[in-house]
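After the structure tokens below, expect a handful of questions from me.
Labels A, B and C are assigned to the chains in the order they are written; within every chain, residues are numbered from 1.
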Amino acid sequence: MGKILAFLLLGIVIGLAAGYLLVSSVTAPSQNKCLYEAGKFSGVPKKGEQVVVVYGFDANYPPFTVMQPNGTPIGFDVDVVNMIAKKYGWKIIYKPWDWSTIVTALEKGDLDIIASGMTITSARSQKIWFSIPYYSYVHQIVARRNDTRSLSKILNSGDYIAVQSGSTADEWADRLLKAGYKFKKLGLGSYTSALKALLDGRASAFITDSAFLGPYLKKNPDIENKVKVLGNLGAPYNYAIATRPQDKWLRDKINAALEELMDNPKWNELLKKWGLG
Amino acid sequence: MPSIYSFFRYIPFVVEGTLWTISLVLGGLVIGFFIGLSLALVQSFGGERLKKMLNIYIWFFRGTPLLVLLSLFYWAVFPSLGLELSPLETSIAVLGMRSGAYQSQIFKDSINSVDYGQILAARSIGMSNRKLISYIVLPQALRISIPAWSNEYAVILKDSAICFALGVMEILTRVRYVSTATGLALLPYLFAGVLFFILTFAGTGVMDFVYRRAKIPGMLEGLR
Amino acid sequence: MKVVIKAENVWKKYGSTIALRGASLELREGETKVIIGPSGAGKSTFLKCLNLLIRPDEGRICIDGEEITSLKADIIRLRQKIGFVFQEFNLFHHLTAVGNITIGLTKVKGMSKEDALEKAKRVLKMVHIGEDLWNKYPAQLSGGQKQRVAIARALAMDPLVMLYDEPTSALDPGLSSEVLLVIKDLSERGITSLVVTHEMGFAYEVADTIAIMNNGRIIEEGSPEEMEYMKTKEARNILNRWNGMKNGVLA
């Protein structure tokens, strides 16, 4: 009996040790602590000091942020951030972060900026402050090309309409339901899976934003042949780079760089590169 | 059309996530084991007031969604205690404290299933409570716990995916990213499924080994 | 002769039921006393009170001259002076026959493993458990074997007195005799014993004194020969009811 207890205990000790080693070894390279004081970028940094900006994103949103096999992101937003960083000689640390807690992570200093297709909303603006917008889009409602029903028929058909849960499209679905339309909402994990639901026939329509749909259809012409845009919903929305309210210096720098970038003809090339032009 | 080949380049990226997943699961289970066992002992042998306090702990950790616990401890509780824990450390601690609440029920049940007669017998030969717990109750209770405990391993493996809320890049988050990047829905998740299967298989394999080593004729047969 | 156990006016209540109503008893060194009485008389409760497995509400119990019911008493140490054998054996399921005995010797008495093993083998021989059974687990033993191992477990602690709480009532009739033989044997070796049993034959054959218990107290005691001349009607009634069992199990 003593042997078995010892065996169990030994296992636990080894487990603890292994766990600890794993923790410390895994933590060291990629998990840089982000315990900056609030107001890290409030004023002008000291001369000769390297500015290090922790860039938070959820790589779930092509073509704005997508993960590469080597663990770094690419995409329109990533290019924009890199261009800003290059202009000022900043060092960027890429930090993937879950969308559900990303605003808190920025507020609390785990991240310094968010550029991940983040829409300016009034709710978000109470906690975090946005740069000038660098992209605008509208919400669109999409159906299968062979579906001959009108928009209002589909909205009142009682069928499923797919959205990405928690997205602005999701909010639009709720708004439509509140307005009295008769359909069922199918909340899914991402825009791509919501679009797939439409193609599979699990949903009769799909609410998306043009920022996702346009580039995606350009990249996948076979899908473009199967769907059609039934109409737009509401006014345009804007994407911007989020910062902490107190980081005025950083925001000013970003705004200046964005203005310069968007005035440059290269901006259109960048949009085209990602299918957004 | 998304090419299947594009996924293969992502395999190392996904596999790297197992390291994170394993640290989450292992760390959480071990912390949960000690918390759970202590809670169970107090619940079975401790005083009423202490029991009530622990019930609050258990109620809190079982009743609060993991996502909320992670945010709460990472951004509020630990900083206010002066603890500067990284997202991974916080995730392990929270998984451990939560698992402890669940494991306490497992251990409590198995402690209670050691019949009272044996405790009387241990007292009758002059064992103190501390001795009878360590030499009579726990050796049996831990054995009885093994099957339910294996189950807890599977539960925590599943829960570890939520730790991405603090930016911990375990397997499922990576797979989600890969699915988005490649436009493939099935293959990346299938691959994750295989990884989880291997982890589950390895884990239950270890538990089975322990179970067989610890097995006592006539004591556990009825419990499986 | 020295008084090993002295219980005076022991009371125990469970909610509204009163299990013991002032039970008293004295056990002398070398004596074998059998307690008989109808079920519900409080025999088992009384026995468990003697080593404080159940704490009585009232009354005084002295073990070897020390009061175990005193709040200052070192119960752990005093319990070691009393070997207790349970109706349901209560062997430790996770330990072998030998392990059941050595655990107390090593963990309570602080004996070395080797010495404990030696001693375990010796007591197991005393209760007629052969070498083939030493490493068997409780689930692999018959009821009679289990109870003999339980007796050995208690005996190994070198108690001043052995208490047996209906040691055969969980056994098939066929298996009772092997246990009763062991108890008889130990008693004949001079081990002070207090036995609660329904086996009248055993009582008449082995007991120095028989105590009759009813309604939570000992009503009368006497040697087996005196049983026919009990003074109280209550005691005579109980005896009459039990006489059918006199044709004992011990041939």
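By definition in this document, a contact is a pair of C-beta atoms (placed from the backbone, for glycine too) under 8 Å apart; a residue touches a chain by one contact, two chains touch by 3 or more.
Values in this document were obtained by computation on a predicted structure and should not be read as measured data.
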| item | value |
| --- | --- |
| Per-chain CA centroid nearest to the all-protein CA mean | B |
| From chain A, the most remote chain by mean C-alpha position | C |
| Inter-chain centre distance, chain A versus chain B - centres from mean C-alpha coordinates, in Å | 31 |
| Computed distance of Cα centres, chain C from chain A, in Å | 76 |
| Inter-centroid spacing, chain C versus chain B (mean Cα positions, whole Å) | 46 |
| Residue list for chain A, restricted to those that touch at least two other chains | 1 |
| Residue numbers of chain B (touch at least two other chains) | 135, 139 |
| Sites on chain C at which at least two other chains make contact | 94 |
| Touch list for chain C against partner chain B, complex | 48, 51, 53, 76-77, 79-80, 82-84, 86, 88-94, 103-104, 107-108, 136-140, 150, 153-154, 157 |
| Parts of chain B lying in touch with chain A, wherever the complex brings them together | 1, 9-10, 12-13, 16, 19-20, 22-23, 26-27, 29-30, 33, 67, 70-71, 75, 84, 86-89, 92, 135, 139, 142, 164-167, 169, 173-174, 176-181, 183, 185, 210, 213-214 |
| Residues of chain A that touch chain B when the two form their complex | 1, 4-5, 7-8, 11-12, 15-16, 18-19, 22-23, 26-27, 31, 33, 35, 59-62, 66-71, 95-98, 100-101, 104-105, 108, 110, 189-190, 192-193, 196, 220, 222 |
| Chain C-touching residues of chain B, taken from the complex the two chains share | 115, 117-118, 120-128, 131, 135-136, 139-140, 143, 216-219 |
